[in-house]
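Two complexes are shown next, each including chain A; its partner changes from chain B in the first to chain C in the second.
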Partner chain A sequence: MAGKWLKISVLIMAFAFILTGCSDESGGEAGTNSDQTEITLGFYSSGSADEKMNELIQKFEEEHPDIKVKTQNAPYQQFFQKLDTQIAGGTAPDVWLSDGVFVQKYAERGAAKDLTEWINEDLEKDEYYGLDFNKDSDGKYWGVPQGIQIGALFYNKDMFDQAGVEYPDESWTWEDLKEAGAKLTIDTDGMKADDASFKPDSVKQYGLTFFNITEGWMPVMKSYGGGVLGEDLRNSIIDSEENKEAINYIVDGMERGIFTDPSDLQAFQSPMSPFPSETAAMRIGIYARTLAANETGVNYDVTVLPKGPDGERFSPTIANSWVISESASDEKAKAAWEWVKYWVQEDEVQKEWAALGEAVPVKKSVANSELFLESGDKPANKQAFLDSFEHAGTLDVNAVWSEWVKKFGDNINRAFLNETSVEEALENADEEVQKVLDEFYENQ
Partner chain B sequence: MSDNLKPKNEFPDQQGGNKQKKSRLTLAKQKKPKPPKKKWLTNEGKWGLFMISPYLIQFIVFIAFTLIASLYFSFSRYDMLNAPQWIGLDNYDKLINDPVFWKSLWNTIYFTVLFVPTQTILALILATALNQSLKGLKLYRMAHFIPVISSWTVVLYVADAIFNPRFGLANDLLLKLGMEPQQWLNDENLVIPVLVAVAVWKGIGYMMIIFLAGLQNVPEDLYEAADIEGAGVLQKFRHVTVPLISGTTFLVLVLSTITTFQAFEQIYVMTGNSGDITAAGGPNNASMVLMLYLFQQGFAFLKMGYASAIAWVLFLILFAITLVQVKLQNKWVHYEK
Partner chain C sequence: MKNPNRKRKIISYLVITFSALIMLTPFVAAALNSLKSYTQYTAIPVEWIPNPFKWENYIEVWRMTDFAQYGWNSLVVTVLSVLGALFSCSMVAYAFARLEFPFKNSLFVMVLGTLMIPPVVMIIPQFIIFKNMGFLDTLVPLWILEWLAQPFGVFLMRQAFLSIPKSYEEAAKLDGCSPFQTYWRIFLPMCKPQLATLTIFTFMTKWNEIMAPVIYLSSEEKFTLPIGVLSMSGAWFGKEQYLVAAALMTLIPILIVFLFTEKFFVRGASSSGLK
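Presenting the complex of A and B:
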């Protein structure tokens, strides 16, 4: 008797277990018509953007009655952690939104679908910003931009007015920036960076806030003619004269208290806060930084980033992109592609998304329209973001991007904090980054 | 037939030589239909298994299976996105030559060596102090327990208000005392002591409660006897309290050693800028501990094989330490018979 009961209960338990454990798969199919393709769409989310995304998905479903979209979303960190596990378990969304810096991570590990053919067939490449940022060194495309982040120079007009310094413009070099920055840097006694009694250890207001990669060393190094990885993205070019010059420029700015150094930044609850909280007069910022600045009501504007000593300019760019899963069935991949096309081609979608103000629209016609250029109150010079595309470049993104960034950052931060010489930091970084690259690509 | 044989079985001693032989044979035969003892599970056993089956299933699926899987991964190259490739001892080989691994092992040990005795001693003192009959005692106990139930994120904000190099109270105090302000969490030499201080503050309430439970089990008459012998407060503490709560102390020691080896959340939250796992563990890896390194290698850099190898080394170290603690307990832990 008990044996029978045991068997029954085990069965029930197992069934319950399957139900709860696998509800993701089994739940959706039931409600789908046989002629409908159901795709899962994953995206990382934040408050208001979430709502808009769901709205757009609904419209998409109305226009494509044969496609049903199921969504999966989570805050940024969790989304990507979960995504990796899902890919490992073969349950990845059919199409997902990837941070631009991770596209190659998925592409080179075979988790993303090669979209080259489809893009060639269906998209007019000249109509979009940032398509090429998902192209690998073999010319294959792995994603289609969802929104573009591009760097520009943010400056606080009130602080410039107060210091009697002229606003920055396209003619600025990094040296000009430092010079102006010195006049905008004030210590707790009210002394400026050029004053003899200035105390660089107790700065109240910085000239420029400087934050790690995109909004820190990368644009400076590249506009000085240096960089981190060579063109094939498999070799370090860190140990160069150009980089030495660029890093020396930064270290000098930090030593003089004009730029925030990594430990200054630690003191703020968020390393992003010095500019919107008016503790820094300038920042290198991607487009999304306008959100925080607008929220706090800072009186600011933007211009293109300064030039290097040889007149070279570099605007760091991240193209957050739609990626289609390699493991999606043909049918689902095609349906996912419909979504991607809908996203980039439809003016309506582009406009709605642009209105959120978190990214530069992918479609050039929309980005160059009043809708983007005149939207919101600040910054007035949104054109600067579009002008920056002329000097746009990636962050040397490859499959092991996060790992080499960590190695590079660890070493370079020691130079920023004066714990080692610039030469030594670059030498070490060069060696360690190369090791990371070799380890990965040797096994590919 | 079985009915006939039954009485013989019951009184085998009374049988003659021949018959005894026969009965042994029949006995062997008979065991088959006699179920309860031979079955691998009794009814009660089955019910028992059934009752614990949720836990059992959980254990098999989420612990036993993952343990075996991680052991396998530790011998392979595994990026989560592709099938694991067997590479033998390569991961362990790399581990031995990885300076960051050694640094994080050292940091972990350093953290533990600072943390465990500090927390244990302070918790014991606190528990003794709160084991009195005072007015408002519950309030004091509760006050010490609040950090325990607060999340690390909340604790981080409190800690930041104190140790922020720019706006923190600690530097204000140092300045008032005429001393140099410190970088605290940004200082390679200070980061672990500061983390330990915060961890002790957060964890002490829990250990205090365990100690309190131990203290309340010390029979009152022993103290009375000690009073009669003329023992002072310190002597009573030394000769009555300490030996009688040694079992509790042992528990506290083992528990806190294990938790420090698993320290992750705190360091992740307190040293990683806005939850960035690749930023955590700084400055210059001075607060990189094994769990953090494991997580970073596995989840940020997709080196699950390598991360699994770290996990197994961590397990072996913890296992060895706990074993030593258990062995040593015979020397000093006193259990009441």
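Presenting the complex of A and C:
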């Protein structure tokens, strides 16, 4: 009896191995012959865009019969967890798509390949947006942009019309925005933010929805002349007069109920929903936010972000990029470079990806063509995204970006929620962010 | 005599019904959300009742992803894990509960000690081991660990075996049972509630697991349900309602398993399993 059951369980195990194990390895190998280079390509899924990605990969294989591409994808957050594990385990994909804010993390930890030489040789640098966002302080390039996210001001035309407020334009300062925002903020009794009996605790319609880094404090602080990190990206410059002024501006807006504060956002199904659901008249939004707004059919347009008190403007930019693995063999790295070139150089690829409406095309000629500017859906003024490149800047991205963003965010949110004074929040943030930076860079 | 009893009953039923309603609210809200359009999904103030009911959201989910394939993978992983957990945990637990061998207690403390190591710490070493064994991008790493007696299950089964009087074992011995036979024919049948508990726990953790599948699986056709569902959301698109629909569909198997094992599960929680 006992023996029989032991045997059965061994059989189950054996069967399970066959069922779940390396069963199709032989099948997979059959397709590759010896003069083909097989590369693995990792990317994070973005819903229906995956289909397009696979299509483009197939076309690439047809045009490059000597290269075979194996894909690896995962949901956004998990993709990067997996990637970190793979890098530690020595099995990173040969080329992967990195969120723009992580490129330096891989570069400074030796996981990404230095692409400077190849870029200098093969790419006409002026033809592309965002190449320089992957350049480090030594002038080395670590990635090639796959699609660009750049911030602009979204505004709901219907709500502006209703309130009788003029549409925003490039002359606006942040103060103008607040002034207009006050007229667009309505509480549950129908009072506006400037009215004496206005109740900022029961707002029904906000002037501006304010969401964390890119679409929140970063553009305001930068256009006020402040910022988080100094030029070398190794020192905090948080505790400055400019930042104080910028954060005071934001806190005041939140106190008056014109801007959403972090706790307001929690009341919504998704922190992204106030603009597409017409609960906020304006938002600071990257290009991809047009997708949700178009989905709900809001009547909106975009313009460049407002100026700071000294006329300075800042458009936050994220260049999601292709990164080639440092551990890829020469042969594989070269094949991976072919893919990167194919992606940025081929008009066809750029056009097909642009048609998804997910990002601003990397290739300037395509971005400035009708295909992008006139593409059917709203917003009408897509040119505003391209104009924003004049004031484009990164989010002070360095190797420990996620770590310091968390420290800064925790502190600044306390100020936004009125749990502490602005001065104290900035002082604390300065100290904590500097500690994160020192811990990493002093051991370099 | 009858009246106060009745009153008490009515009150307790009211309390039960009320708390059941509270517990149900998130599920009902999710079910309603899954039937909305995105405009309604994000509407403020909240529109509770979908108008119109978009049943096609569920069809859309099937269209958007390879739901059936992911479901099958999840099922394979989960069933193999449950079998493994039941078999290995109960065997190891029996040894710790009933057999005599050197360092038994220190070994058991060590087993319990491993419960305190956070799983994240073990990811990279495990990844490297499975890589060297050639198990990357296969389902094997997702279930094989359950065949190696996980500490929670060992602890649970050991407690169950400990509560069985020694006389059963002695009687079995007199009848000529080997230790394995005693374990298999006497002890296991007496611990059905605990086995049911272990089944549900293992099923739930494995069915919902995200971390390990993401790390070990690379080809889309091998994905399990949770990754498949997350993958369809994407970072940018206004399509959260489909995500909710997909999440609800993945709940169904857990409900089925619970319904089948509930009888034992409830008994396991309320009595020691001995009459």
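As a convention for this text, the second predicted complex is superposed on the first by the 413 of 444 C-alpha atoms of A that agree within 3 Å, B and C clash if a C-alpha of one lies under 4 Å from a C-alpha of the other, contacts with A are read in each partner's own complex, and residues count from 1 in each chain.
FYI, a contact is a pair of C-beta atoms (placed from the backbone, for glycine too) under 8 Å apart; a residue touches a chain by one contact, two chains touch by 3 or more.
From a predicted model like this one, the values you see are computed outputs, not experimental measurements.
Engineer: Would you sort A:T91 into first (chain B), second (chain C), both or neither based on which partner it touches?
Structural biologist: In the superposed model, A:T91 contacts chain C only, not chain B.
Engineer: With both complexes superposed on chain A, which partner does A:A288 reach: first (chain B), second (chain C), both or neither?
Structural biologist: The answer is second: A:A288 touches chain C but not chain B.
Engineer: First (chain B), second (chain C), both or neither: which does A:G139 touch?
Structural biologist: neither
Engineer: After lining up the shared chain so the two structures overlap, which partner does A:K105 touch, if you call chain B first and chain C second: first, second, both or neither?
Structural biologist: First partner only, chain B.
Engineer: Counting residues of chain A in contact, which comes out ahead: chain B or chain C?
Structural biologist: With both complexes superposed on chain A, more residues of chain A are touched by C.
Engineer: With the two structures laid over each other on chain A, which partner does A:G311 touch: chain B (first), chain C (second), both, or neither?
Structural biologist: neither
Engineer: Quick one: is A:K406 in contact with chain B, with chain C, with both, or with neither? Answer first, second, both or neither.
Structural biologist: first
Engineer: By the touch definition at the top of the document, which applies to A:G164: first (chain B), second (chain C), both, or neither?
Structural biologist: The answer is neither, since A:G164 touches no partner chain.
Engineer: With both complexes overlaid on chain A, does A:P276 touch chain B (first), chain C (second), both or neither?
Structural biologist: Second partner only.
Engineer: Regarding the shared-chain residue A:S46, is it in contact with chain B (first), chain C (second), both, or neither?
Structural biologist: In the superposed model, A:S46 contacts chain C only, not chain B.
Engineer: If you lay the two complexes on top of each other, which residues of chain A touch chain B in one and chain C in the other?
Structural biologist: 2, 9, 13, 17, 81, 85, 88, 268-270
Engineer: In the complex formed with chain B, which residues of chain A make contact?
Structural biologist: Contact set of chain A toward chain B: 2-3, 6, 9-10, 13, 17, 77, 81, 84-85, 87-88, 105-106, 109-111, 262-272, 400, 402-403, 405-406, 409-410, 413-414, 417, 419, 443.
Engineer: Which part of chain A faces chain C closely enough to touch in the complex?
Structural biologist: 1-2, 5, 9, 12-13, 16-17, 19-22, 40, 44-50, 70-76, 78-79, 81-82, 85-86, 88-91, 268-270, 273-274, 276-277, 279, 288-289, 291-293, 295-297, 358
Engineer: Which bits of chain C are touching chain A when the two form their complex?
Structural biologist: 33, 38-39, 41-44, 46, 64, 76-77, 80, 83, 87, 123-124, 127-128, 131, 134-136, 138-140, 142-143, 147, 178, 180-181, 184-185, 210-211, 214-215, 218-220, 227, 230-240
Engineer: Of all residues in chain B, which touch chain A in the complex?
Structural biologist: Touch list, chain B to chain A: 43, 46-47, 49-50, 53-54, 57, 77, 79-82, 160, 164-167, 183, 185-186, 273-275, 277-279, 282-285, 296, 299-302.
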